[in-house]
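Got a structure here, written out as structure tokens. Questions coming.
To keep things simple, chains are lettered A, B, C and D as they appear, and every chain counts its residues starting from 1.
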Amino acid sequence: MCGIVGMFSNHDVAAELYDSLIQLQHRGQDSAGILTSDSQLHAKRGTGLVRDIFQDEDMEKLTGDIGIGHTRYPTSGTRQGFDEVQPFTTSVPFGMALVHNGNIVNYAQLRDEIIIRRNRYLNTHSDSEMLLQLFADSLQRAMIRSRGHSNPTGKIESDEDFFSLIRLAVADIFSLAKGSISALSVINGKGIVAMRDPYGVRPLVMGERVSAEGKSEYIFASEDTMFYMLGFTLVRDVLPGEVIYVSMDGILHSAIIEEKPFCPCIFEYVYFARPDAMLNNVSVYRARLRMGQNLGQEWIRTFGDVRPDVIIPAPSTANTMALAMARELGVNYSEGLYKNPFIGRTFIMPSQAMRRQSVRYKLSPQRIEIRNKNVLIVDDSIVRGTTSKEIVSMIRDFGANQVWFASACPPVVSPCHYGVDIPTAEELIANRQTQEEVRNFLGVEKLLYLSIEALIEAVTRKGRHNMSSPCHVCLGGPHFISGEKDGIA
Amino acid sequence: MCGIVGMFSNHDVAAELYDSLIQLQHRGQDSAGILTSDSQLHAKRGTGLVRDIFQDEDMEKLTGDIGIGHTRYPTSGTRQGFDEVQPFTTSVPFGMALVHNGNIVNYAQLRDEIIIRRNRYLNTHSDSEMLLQLFADSLQRAMIRSRGHSNPTGKIESDEDFFSLIRLAVADIFSLAKGSISALSVINGKGIVAMRDPYGVRPLVMGERVSAEGKSEYIFASEDTMFYMLGFTLVRDVLPGEVIYVSMDGILHSAIIEEKPFCPCIFEYVYFARPDAMLNNVSVYRARLRMGQNLGQEWIRTFGDVRPDVIIPAPSTANTMALAMARELGVNYSEGLYKNPFIGRTFIMPSQAMRRQSVRYKLSPQRIEIRNKNVLIVDDSIVRGTTSKEIVSMIRDFGANQVWFASACPPVVSPCHYGVDIPTAEELIANRQTQEEVRNFLGVEKLLYLSIEALIEAVTRKGRHNMSSPCHVCLGGPHFISGEKDGIA
Amino acid sequence: MCGIVGMFSNHDVAAELYDSLIQLQHRGQDSAGILTSDSQLHAKRGTGLVRDIFQDEDMEKLTGDIGIGHTRYPTSGTRQGFDEVQPFTTSVPFGMALVHNGNIVNYAQLRDEIIIRRNRYLNTHSDSEMLLQLFADSLQRAMIRSRGHSNPTGKIESDEDFFSLIRLAVADIFSLAKGSISALSVINGKGIVAMRDPYGVRPLVMGERVSAEGKSEYIFASEDTMFYMLGFTLVRDVLPGEVIYVSMDGILHSAIIEEKPFCPCIFEYVYFARPDAMLNNVSVYRARLRMGQNLGQEWIRTFGDVRPDVIIPAPSTANTMALAMARELGVNYSEGLYKNPFIGRTFIMPSQAMRRQSVRYKLSPQRIEIRNKNVLIVDDSIVRGTTSKEIVSMIRDFGANQVWFASACPPVVSPCHYGVDIPTAEELIANRQTQEEVRNFLGVEKLLYLSIEALIEAVTRKGRHNMSSPCHVCLGGPHFISGEKDGIA
Amino acid sequence: MCGIVGMFSNHDVAAELYDSLIQLQHRGQDSAGILTSDSQLHAKRGTGLVRDIFQDEDMEKLTGDIGIGHTRYPTSGTRQGFDEVQPFTTSVPFGMALVHNGNIVNYAQLRDEIIIRRNRYLNTHSDSEMLLQLFADSLQRAMIRSRGHSNPTGKIESDEDFFSLIRLAVADIFSLAKGSISALSVINGKGIVAMRDPYGVRPLVMGERVSAEGKSEYIFASEDTMFYMLGFTLVRDVLPGEVIYVSMDGILHSAIIEEKPFCPCIFEYVYFARPDAMLNNVSVYRARLRMGQNLGQEWIRTFGDVRPDVIIPAPSTANTMALAMARELGVNYSEGLYKNPFIGRTFIMPSQAMRRQSVRYKLSPQRIEIRNKNVLIVDDSIVRGTTSKEIVSMIRDFGANQVWFASACPPVVSPCHYGVDIPTAEELIANRQTQEEVRNFLGVEKLLYLSIEALIEAVTRKGRHNMSSPCHVCLGGPHFISGEKDGIA
């Protein structure tokens, strides 16, 4: 999981890219980078949080009116270090850079293509670096083919000409690279390119604003969470299978390269995206309210008139769902678990026995809301089940009568191949245990999962979107990209 | 404002002091320090957040079964640097260290006493360092007086003897130092001392647990927010005017040195303390629920049947108050402002015009909860008024019909002399403007402040506390410490 | 001025490259870098001294049996930052890296060729990065030409084939790039390449050793100063106009690409190289002894029987020359100036007046060797004249009778276009002043410069070298590279 | 071994203290610190070299017209970390700081005195911190005794009064602390104090200059190596048993507290001090010339007409001795070993076998001066013998005919109790082996040690000094301080 952003502006973009990464930080807190272009490429990357990576002297060097940024989520199973921090760059042709959210499933096979057949060097094992080299090499080959080998490179005449070369290169990518691709690329001296794979698995939205000089400026981002703050208006999604090119004179070119069924990730709505985001024309906040509403209705269908004394969300994503469910059931909602915003490490003193890393370092129950009550905990999902179990145990310690649990997401039974960091199948509790076993493991008297149908209904209920079958492979839904088993770590 | 903690244990305390500071971090994010003792004193201090200051190698050096810790709030008006990071230490007598939450009002006068009359050196302009030197010198003088000048120092016979010297020294402090004092001191080879000024302005609570070996262990802290996590049970407050001494063999000695009317700070309940804390036998969470309830009742008394469509808290302290008020009024509560937990800086690119530091970098409104509605914003208090105004402006931008505002705290009209960082009188909007002017400044159609009586009632409603007149000088309440004007920055 | 080194070994080379850079540190103290290859390229670069740049964790990552290293001299007139720290790399084709000692005179013209005609990106304004991109692009073009554009790249069959492509690429470099080139390049998966321009301006020597397994291992370096330490034997110089390629199986291929008159830099012998180095088959130490000897003979020719009481070198390069001159004249040699090996900065306290950065912070005279004596100071050269003047002034302060000065190098009248950092013509004292004016400026009673003929004789006197006309453009010698005025900063 | 400096000036002293530490860096490269006073004490300490410790922001904070500085030598056998970096400070009385060169032999016994009898805290195991606490406590006791316990402290009337208290305190030190003491102390608001133990083991010199305003300014330092640079004139040594006090108005008070035979350390002249220093009225450079001269004469007495072809010093201390010996013998002197001024670490690559840390990383022989010659190596001393052996081995590798060795110091047979870091007796080769065995160990055909008589003669030959029996315990000379065995690590 990652957050990406790109801007075409009429003044330096680095500060606004920084602000954007702060608003995308929830999509990845492992590392971040910004690259800008003003005939030279300027980049700063680092590990850790955005606020710790960029200093005054970095920002001063990041000159240029176009640029891209990236925040990375620590993906389990791959060894990632500083070398793998995006944006990636290559100097041939032109000087190109790229940021990518998604996952290339047939990575191993494409790596050989790049290194052995195309004689290009890959510095890391990142599928995103490979995507850049594939884009660059396909672009260079398109140039060579269009000129003959006596003059293999040379000056390109017009932006239209250049966009036709880009379309050829992106078609090459879509035909070779299997998996999810939401990517932004800066081509030095040429402009900025946005592309999204034909299934549209990962989100990518586009905004526009008019500068003081009356010129259009564009932003592309994983979520529109920074649009209001920066004065942009949400225009539309980058479409599945689409490539967009904004040339140096600010003209926007676009084309659909390939069409497939639209399968955007449903987990963005359950957990990943920020509640104030609008993705694929669906409000994340409304989707969550509807999940809570549906959860309430399924509660009634399952447990009849039984009602908890209080509904407490596992903070903070579940707050919206819990509030809607409480309204639906007509019971009290309470922030009964205080979440400490300050995170610490766990130090083990030599003289002490081993101490488990514990949820109780982050959450504190409110005794008054719990003591002698039937408490219903609402969480967005149950993945490994360990955090949920720990929360239940704390609620019991503070004197609850009965403890019940509701998950706004159906059982998670499979890892994700398209870019969400879900644990291996062995770690997923719902993959190993029946619902009754999960209930016993958590130590609750009642357990409710939202059904797949109700979840999809909550996301797709209404609006001008054209989403009918969101990707839910992780919930046992159908695979829709061929050959996908290849690249799973 | 600061957070302090001290522990007497039977194993190394550094890791648990660290955990405690993480749970006190909301009381001060400017700097922090830990000191432990095992015949040597070991200390680590730093500026910034607790999680950034302490590394593995620091923790390994912080050996010892007793120790103290501190988190500092950046106090306006004083130049504070690394040298002023607590705990402070002095090598005469014994090796002593101290952490302090509070403010000494007659600092300037006492500084002369320490330097000129007592020939001691003050390395900083911190009133807390002065408190340590005053404590150390008074203790040394008590020793000299008890022995005669032929043997001015020398070995002390028993813990009882030593506690009598401590009582003399603390009596000296209470007679000389005017202001608020909640302090903890480690005396090398002797034990740990807790003291609280006779008015009990700042909080200080005590917990106990029994070690695996069956021995009592003690914790003293500004709030009991880490007690459950560390296995301690809340015993009681350190009493106003009390000194407690835990000697090296684990015996707890205590004495009331001086008695005055009990005047604990009311602002702890309004804003400063964490909701899960129990201070002066009053639950902060319950106090805030009652503030919301009283706010609802005063709304009805003021505006009759008029009801908002939705109540939205200014996150996060006001959530509890807003939820209780919504229940009292029977209207919907909604988390209509998303608070980004990731904070960034504001970079100004050379080519850009100056950009104001803005609330909208931290808060994002939910359009669905706002559009065409009458929105009531509930906040814990209005201090300068600038943040509130900005929130109102955003709510309007997102299409609210009318915007109303309620503050769970009466108008703040005066700075605090006893340790809360409230701006100067000039910056306090309620000190300069009438309620109608404030309403106009905020740009709202309706404005409600909770009354002082209702606030005090909310804090003191019931329970086994003996608090009748909490300090509310900042709300225009009476001064109760003589000579207090002296030390105000 | 820079120092470069490259190794082909049968085990990891990073530690030995590090040791080599320590032995080349005198050739550049501004920044340094190491790159190794083991199918991946691994690099570490930094500013400052070698000992401060490389840490344990860096060395652990620098795996691979072949590698290159570089130390950089701060070249006046160009803005250089971290981005310009060598080795440079490019990912097309293969993954290539390069280190370079020298200067490309027609940089501006070639920059356009690379960017506009060849569509490659240059990240810096370093002529060395341009040299790498030129090498890489010429190699890629040679590959495309040899295959046709239907399969522009693809697998290369044999090392012999590959060396023929390298020869084409280096011929391209020698025909396009005017200036001095001593360069080493790692080609990922292919081996290591050494090249030296046809005039052989900058040094480059080659050593060989046999590994424990009986295999040949090779080193290429600016100087052989680390050969003994690492167990290598000096084989020969890389010849002017030669390219050498060591393939992955350890076979050494070589070819002379172009022949020109041999014009190695004479200033290496005067000042730059370490005394224990053997360059172009001439010992630097012997050359300096002969300079001192010739200086003694020219003293006698100029001043007859006049003798100083003592000869004191300006430490440390001149020690060898001064000792030989003292022997020739039969007078005492003394280390009368102590050179503090510890260097500090110059801090100006706010309350102090400006203080000049002074030679006397680094050198301390020995009164006993100076007082009432006629002192002859011997230095390797006089460039700006300011340091010499300061030394003379100190010697006078300590009571010398007369102070005389001898320079082992003729007047320096022109900046260098081929890689030695000599100041601009305006700063060169001998370019502005007559010898009598220089004598007055220094404040000495007698001044002697070695003649150009005597200097060349000292360097070329005997041995199996084929050097007849070393480059001495800086001393007014003839220009021998066409178009050279173009690239001077 | 350490270097200390203190200044009384009429403007900020930090920059000049920094310059002084650069000139004392050879006396200790392990850590350094500066403390200044301007009614507040300001300090900066750090580990490593002076040039790396002090930054602009540190220097700006180090305000004040008086101050002290220290460079520390890593003393074997004691665990020393950052906490032990001088200057040490204590806040009672006044605020005092101290730097110390020397060693307190009865440390363990005095530690108990300070902690148990005087109830003071020692933060480290440094004898220098103990010296400060002893000085401070004795001064405080003198104050208490002079006033009675009803007013144990209080204002001091005059500088004369205060100097009488200082004299009492220093007398207390000299009667209690056995060992070598050269110390400087800043007393906040009072001035600066210099003291030297009655035997005068470690050096301490005093300089004076007149400020632009016509006021006297004073410097005290281990060596006068920075006097010329800073404009000071050497006045005299601080005398054995003397205490000097410069009060805030610039008046210098001095008194001899105790008199003993004068026993300055002879090893300062052999190795430790810089050649340009004048200590105890004896020039280190002249002493070394005379050592070389005496070594030449003893060579003739021992080996008759046998002469080496060349004399090569082990750089750099022995250069002076070797030059004088070469003159005495009438043979050629040559800098046949090049010493690389750039030091690196030794990295061991995982794939490589263990590699010994080797002299050949630092020294390179000149083949021309060695091949087929009888080479006499001159070194200042032979301590462990391992470096000497390695040098001999290199000289043989480069083709010497015979290799001979001469040491300007007699056999070192005993560790030092007074502050020079000489290894334990077991490590000293001359303590375990006969001269013939040492010769065999080194692998030389001839070995000569200077005799003790000739060494003492070389140091004391002439001049206005009153030194007759310098301390040479390390060479087997008599112990002269009682009880000294106690404190040896």
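Here is the rule we go by: a contact is a pair of C-beta atoms (placed from the backbone, for glycine too) under 8 Å apart; a residue touches a chain by one contact, two chains touch by 3 or more.
Chain identities (UniProt): A, B, C, D = Amidophosphoribosyltransferase.
Since the model is a prediction, treat every value here as computed from it, not as a measurement.
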Distance between the centres, which are taken as Cα means, of subunit D and subunit C, whole angstrom: 39
Distance from subunit C to subunit A - Cα centre to Cα centre, in angstrom: 52
Rounded Å distance, subunit A centre to subunit D centre (Cα mean): 64
Shared-contact residues (touching 2 or more other chains) in subunit D: none
Graph class of chain-chain contacts, one of line, ring, star, complete, other: ring
Full enumeration of touching chain pairs: A-B, A-C, B-D, C-D
Residues of subunit D that touch subunit B when the two form their complex: 40-41, 90-96, 116-123, 133, 136-137, 140-141, 143-145, 148-149, 152-155, 188
Footprint of subunit B on subunit A - complex, ascending: 11-12, 14-15, 18-19, 21-23, 25-26, 29, 49-51, 54, 56, 59-60, 225, 228-229, 274-276, 283, 285-286, 289, 319-320, 323, 327, 332-335, 338, 340-352, 358, 360-361, 364-366, 368, 397
